[in-house]
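For clarity, chains are labelled A, B, C and D in written order, and residue numbers in each chain start from 1.
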């Protein structure tokens, strides 16, 4: 078991964003976290990755309690996250952006440059390696965000709606990349809205609604779950 | 001994109220536009020269000249914003910073060219007098200055609270996107805000002209005092500027009495460092931007 | 390394060698002007380093002053060689810098508040030095005069105009190349990452607090080193001269006007700003309008920042690329 | 007026250095409820902000009620009657509910009908009248959405753009908001609805346009769009 989340809760003034959420992620598994906008998915991610202090509850990575650690400490321990709204380092080139991720693993600039170049090739951005991040289109920025996280050699990768805003061609490419990551031993926890991708990738699905865990299980089970259909997928949708 | 402390505290509060007016101008500009006016002290000194100039010709007491100085600085602030500063709103912080340093250099340069470096005191009989209320001796000039400053503060708060335009200024400060969504003319709001902010500095300048002898190099001290107050009070917070001003006026007065006049600014800086460490956004600033 | 930003090594090396070669040809007026240019270039490089991590210092004179006083007092009171006392001054300045950076980082004092925090510490120290007898307080600290005949500059690190021209040229060149190496090291990437988006950088494992303390320590240490040499050149130190706020402002004008993007921008900026300062000073003295220099200086800086937002050096680079491309 | 209430021709916008919209054209018939759907990041909010005059387009024309308003500032478009209920609501949290509403009605066009607008808003959203003195930031998500709509109505708009009105609301509240939008349409206001919630908005709209990565993928009557298999696969997960 690579990630154990227990009774995670976050209360802002007058609003409980996440209430008592618990789930596990097994090694080398792909787990999808789904739910309508504002269900608390990103808040969960922020608490797991250390960007937000939980009001209560705990997060264990491997055999180590990481609740309350700083994001950089958690990242170095192998849990790397991407952001829902991409955050490129605009005045730096694509290579330099990805090297920052690589530097989590090595102090040597040469090696970091190699790792970065490889991650950039993985996501197919090699033609734009020396372009400034500010000039990239939205899909390329998503690829950059992904390449940066991969370069940090994560054991557990948290992807926050990395497919949003992409055309089918581009989402298929990311599906391939995530599958290759899984093959190379990386565990992935992803937030996603595009059902097609969730079905294609997820070994297990966790459904959040109004900050609470509504359901958890295999895609087929979730597809048939009446509560999930009614609250999230809308009356007509059905997961095959 | 107690009356000495009492009078020093009273004097500190009176000058603190005028400091608060200076800080109010700085914090309203930052609150609305997220720009730091590093030439704020120079604007105060312009107000001092307006006060000194009109006083030496007409002998009208400076506290009555304050509205005129406020108007002069309002026009200057509005014009500077319209002509130059509006195009710097989205620029990085360091180039905004150099812009205001160039304003500071130009203003101080003009003061030196026209008035020379030597101090220009305002010798009025009132400067010697004080109101005696029991053991309390309130210096006349400081009391007039504090009262006028309070009048300006009250007028400004009334304007922001009650008037339509004042409300749109507060709206722009609270949520700039929201202000544009409902059709507020944001660049006009910026220009009027800059005018008001620098108008406060100008008015305060006239009020302190009889207390500190007017000379160009006072500008840096006023900029630093305004910075300390605004940071201690909380950037962008009006209550922070008001209470921060009185707090700094008081702490300076006490430090000058108990330690030594030379160390009064040290005490303020120590206070500033303490507040920054304890509450990085100041006593009344929002904690999380 | 072929992919990353190759440090522009050769053009800069040629520039410094030429500056050294022409040194002996200058008369004492040009020597003192160019020494001042290289002093401000050096301080600009030090200021620009911490700016690469987005840390705006408005109190850089504090580090300069600490270095100057430490070197002067240590040499005068213990008689140790300046080769030891100047580095000691740099270390003291570096410690002060890292303390401020640690406070700023630990209590997440960012942006404007951090800039004002640097003012607070520098003004606090200046006033304390005013009242500290060991350093001569407001009366100032005076170094023993040197006897030009028997003095060996390489021992006392003091000498005539040509000696100080070379001294500041050498430390500026050294600082330039050290900073270039730093900027292409892991730390350089981390500083630029923090400047761009601190939270995104931390999510990738960049240790924000350590990175900030390190960059400010190096930046302050360099400023302290420059201060030590500056103190020996001046021969006398007053809190109001080496630690005053106006000096902290003067230090940052050259790198911003020159262009804070690349270290060479600070050198180009100094070559523009220092002669402008001197020119407007002499002009206003000759015409007799006290303050005209400040006015001219302000107007020119306003002109530059309004029309060359990224600074002079990036515009020259673009211009040179156009020529090369044409 | 035969021609469309709003007509957009070859609109090109770059925002933050990225080409957000490349050459889109569509029109919104008078008194219609037209929906624009697409995943987030497809350029929907950029489109709304460009029509509202908050972003200046690189190329293209925007015609409203027959007059070319391309490049006009948001203060001018609001006076013409273009209202916007923005993504994330963009209310003024530290100002009271009453002040938020007053600011909405501060335009020249609506100064005459201030009282009438205010009564209509209170009829539609009684809860706002109960909370007039409260700071807007203390309202619940749904109440803030009501305030955003109420504030927009205070400027008596003839054309309202709703940008992601259902974001972060409970299903019950989403139902109420969509009912309100329908009611506004029946009262004669033209509606441009921008939504990620594709199923709901297609059910509500008469016409729809699918926006993908700054380009129009599909446009036409909402019923046809809902049946298009590409839309069903990409957005409805069917």
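As a convention for this text, a contact is a pair of C-beta atoms (placed from the backbone, for glycine too) under 8 Å apart; a residue touches a chain by one contact, two chains touch by 3 or more.
Everything quoted here is computed from the prediction, not taken from an experiment.
Shared contact partners of subunit A and subunit D do not exist in this assembly. Centroid distances built from C-alpha atoms place B farthest away from subunit A.
Just count the C-beta contacts per chain pair and the biggest one is B-C.
For this pair, subunit C with subunit D, the centres built from the Cα atoms lie 53 Å apart.
Each chain gets a centre from the mean of its Cα atoms; for subunit A and subunit C, those two points are 44 Å apart. The centroid of the Cα atoms in subunit A and the matching centroid in subunit B are 49 Å apart.
For subunit B, the set of residues touching two or more other chains is empty.
Among the residues of subunit A, those touching two or more other chains are numbered 90. Taken as a graph of touching chains, this assembly forms a single closed ring in which every chain touches exactly two others.
Pairwise, the chains that touch each other are A-C, A-D, B-C, B-D. Of all the residues in subunit D, the ones that touch subunit B in their complex are 52, 54, 73-79, 84, 86, 90-95, 99, 102-104, 106-107, 151-152, 155. By the touch criterion stated above, subunit A contacts subunit D in their complex at residues 14-15, 37-38, 90, 134-139, 141, 161, 164-168, 193-196, 199, 210, 231, 233-234, 236-239. For subunit B in complex with subunit D, the residues that touch the partner chain are 164, 167-168, 170-171, 174-175, 177-178, 180-185. The touching residues of subunit B, when paired with subunit C in their complex, are 30, 36, 84, 91, 93-95, 97-99, 101-113, 116-117, 216, 220, 224, 227-228, 231, 235, 260, 262-263, 265-266, 269-270, 272-273, 276-278, 280-281.
On the side of subunit D, the complex with subunit A involves touching residues 16-19, 39-42, 138, 140-141, 166-171, 196, 199-200, 212-213, 233-234, 236-238.
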